[in-house]
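Below you'll find a set of structures to go through.
In the two complexes below, chain A is the common chain; its partner is chain B in one and chain C in the other.
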Partner chain A sequence: MLSAFALLLISNQELSLLDNAQVVYMLAGTVTAAGAVIAVILGADAFAGERERGTLVPLLIAPISSSALVNGKALGLVSAWGLMYLLSLPYLWAVGAGGQNLVQAILYLALFGTPVVLGFGYLAMALSARSGSVLTSLLTSLIVLLFTASPLLLGPGLRNSTIGKALDAVNPFSGALNTYDAVIIDSDPFLAQLPRFALVLTWLAVTFLAARRSARRPRFR
Partner chain B sequence: MLVNANHLKLTLDGRSILQDVSVHIERGEIYGLLGPNGAGKSTTIAVLLGLYEPDAGEVRLFDQARGHPVELRGRIGVMPERAGFYEWMNASDYLAWYASFYGGLQQPVADLLHLVGLGDAGGRPIGQFSRGMQQRLALARALVDGPELLILDEPTNGLDPRGRREIHDLLLRLAAERNVGILLCTHLLDDVERLCSRIGIIDGGRTRLEASLQELAAVHSAGRRFRLRLERPPADPASLPAGVTLTNEGQGWWQCVIAPDNSRPLPILWEDLLVGHDWEIAEIHATGGGLEALYLQMTTGSESELKEEAVLARPPRLPAKSEGPCCRTSAGSVGCWRSAPCSRPSPCC
Partner chain C sequence: MKPLRRYLFAFLLPLLLGLGTAQAADLEIALEPDQNNPATPTMGNAMHFHSAIRNASAHPIEGLVAWISLVEVTPGREQPMDLEDWSAHKAVAGATLGPGTTLATDWPMRLIQSGDYRVVISATDRNERSVYTSPTLEFHVARKPIVESSRILPVALGLPLLIGGVMAYRGWRQRRRT
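On to the complex of A and B.
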């Protein structure tokens, strides 16, 4: 997917005319979105998948706390996101080398992308622990992901409306993308990103607590 | 006391699953938890393990309130009904991995596998195991940390007779030598009779009976007990077929005991009473006689067996006018048949 996107950015007549920083911003956003989708898939499988395969009960009857169980599952999310991040580096370099703020893009992808991606993983995990099947938790989490991405699909006009701004203010996904925009394209300083950083960290904390709470008494039959 | 659970109640998704369940297990005791499908056995186990919080009632494990289920689970070995292995792992690696939750293996994996009869299968992927081998491995997993309490849900499912015997012997050894308390959840009454010192029968989310098998055996050793309702008192109650004794009479019900050494089939006996001794039997209730009969007596979800019992108990020749339906059992009875249409309320209908 990254190869196809990078190739498109370089070879497509219209996309290749984009500013170098714009291309890096788009790729960073794509990596974050792809990471969130992967996290949702893994999170949705975390409990419901184990339950469907019959392997959840042996975990629940072992002396493992719900936090440890969630942390173990989160390790899988972190590994997958880490791999995704590492894989994206050569692509970012390929489309952004020689342009501005490539290093910032790589750093902010880690700083903002990680909590956003893990948050979606935790959310899917929370739903997975309580829902009846992988499919239910997966679809519900994907709908939430699509909903959070919807302001971006609405276009700049609607995003600048009051509702659009309000959604942006509480939407971790647009928080990350707006930061990429501000840092990579506009070269804004980190201090200006603090409110958005607080937003993505809050998203991570809330979803982690939800996952831990659900994992305390997961549906196991 | 290892398990002291009293009057547990649990409602799930608006359905009352447990209404009044009590389980008591001492160290070194093998406790048979019996009940029909859906009676609440597995849910009771889940409550004991802290997977469900009961709406009412009290659970004490190892003489402690179950405040920290994670710590207590470290002292319990559980063999769930569905083993739930990662089938791509081999048995040795799986046990070593699972033991890591308990802080490591107490004994070498090979010894553990040998203990359950899987001595040479440690290197094979679990996916290649037969059902019986998976049962053995599940037992090995339950024993991974030398538990003080073992909870086994249908442990001998899928095992051949030799395998069953080996597992029986192992459980008896664990209880006797290591003083392990064992909660055995099974449908196999043979297993219960061979292994258990005490039983609890659950039906409809309620504990119907908790007693030691020794006590029950003493009660039933005198023979099979029946209650007969007669249309009119017998002309000569003292004249009875051999091996049949009347023990009590009241409100039209005559209680009799069939001696254990009586080899005559029940239908022949009833026919003898009906035809040979002119007893006009309206209903027959079996009220005891072995664990199976007791189980049937205590559980209401086994109508087919009850009817079978009723049919077996039915005399071969009855007056045509008296053919009637097999009736639903009343509490405390095993089954009955009617020789006359139900024309008035009775405990049977």
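On to the complex of A and C.
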């Protein structure tokens, strides 16, 4: 997917004239969205997949706490996101070298992308434990992800309305995207990003608590 | 004057001299940049130029053709530019201009490469052999850092090939062991 994105950049005249920083911003958003999709797939499989494979009951009677179970599942999410992040680095370098704020882009992708991606994984995990169906939890999580990731397609101009601003204020994905925009393109300092950082951390905390709560009594019948 | 000579003077001579409908057209072409053009044009910016082609003669001009030309005048890189990527609006054709009337045309342009350029509008008509040109406008397009294919291609093609190669090698080793 990243290769297709990169090749599109050089094969399209309009896109090839974009500024380096603009392209790095777009790629950072794409990596975050792709990481969130992977996290949703893994999260949806976490409990419901075990149930459908008939391995959930043995897992629940094992002498481990629900928190440890959620943390174990989250380790898979972190590994997948880590791999995705590492794979994105050559692409970020390829499109952003010679431009501005490439190092900041890499750092902020880790700082803001990680809570957003893990949050979606936890959300899918919570729905997976509640519904007991991979399909239901996967579809529900993907719909939430599609809605929250819509700023990737809408662009800042369309979000400048009152409703757009209100949604941006509570949407963790918008928080990460707006930070990428502010840091990579406008070279804003970290202090200006603190409210958005608080937003993505809140998202991570809320979804983690939801996943832990759901994991205490997963639907296993 | 004999009737034959009179006939020659009255009809044939003007035709041979190219008078009548083929009389020399007198076109005045003005060219100016749009007021909203960027002060320091950079690669990727859009610019607009406005031309006004006026028929200053007493005869209508039919089959008018006007076109935009761009010439790079960067020292060492002087060349006429192919407008393929620069503009989708390269010419106006088939217009008819009555005496004293003016044809106003907007010429949009997307700046693709950095350098020094001159833009000019030329015009001619169906009957006229002369080509009229506007005064030239000169502008500089500043360079900006953009994506470079020399960096992207090795990564975009190499990384999937590398990952595919490693997976294929691992699969081959596993099959060999079993």
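By definition in this document, the second predicted complex is superposed on the first by the 212 of 221 C-alpha atoms of A that agree within 3 Å, B and C clash if a C-alpha of one lies under 4 Å from a C-alpha of the other, contacts with A are read in each partner's own complex, and residues count from 1 in each chain.
Here, a residue touches a chain if its C-beta (ideal position, glycine included) is under 8 Å from a C-beta of that chain, and two chains touch if they have at least 3 such contacts.
Only a predicted model underlies this, so the values are computations on that prediction, with no experimental measurement involved.
Engineer: Could you say whether A:S65 touches chain B, chain C, both of them, or neither, answering first, second, both or neither?
Structural biologist: Touch partner of A:S65: chain B, not chain C.
Engineer: In the overlay, answer first, second, both or neither for which of chain B and chain C A:A149 touches.
Structural biologist: Neither chain B nor chain C is touched by A:A149.
Engineer: Going by the contact rule set out at the top, does A:A80 touch chain B (first), chain C (second), both, or neither?
Structural biologist: Touch partners of A:A80: none, neither chain B nor chain C.
Engineer: When the two structures are laid over each other on chain A, which of chain B and chain C touches more residues of chain A?
Structural biologist: C
Engineer: Once the shared chain is lined up, is A:L201 touching chain B (first), chain C (second), both, or neither of them?
Structural biologist: The answer is neither, since A:L201 touches no partner chain.
Engineer: I'd like to know which partner A:A182 touches here: chain B for first, chain C for second, both or neither.
Structural biologist: After superposition on chain A, A:A182 lies in contact with neither partner.
Engineer: Under the definition above, what is the set of chain C residues touching chain A in their complex?
Structural biologist: Checking each residue of chain C against chain A gives 43-44, 85, 110, 112, 144-149, 151-157, 159-160.
Engineer: Within the complex, which stretch of chain B touches chain A?
Structural biologist: My answer: residues 46, 49, 51-53, 70-71, 73-74, 76, 78, 80, 82-86, 98, 101-102, 141.
Engineer: For chain A, which residues count as touching chain C in their complex?
Structural biologist: 2-3, 6-7, 9-10, 13, 15-20, 23, 87, 90-91, 93-95, 97-100
Engineer: Going by the contact rule set out above, which residues of chain A touch chain B in the complex?
Structural biologist: My answer: residues 53-58, 60-65, 217, 220.
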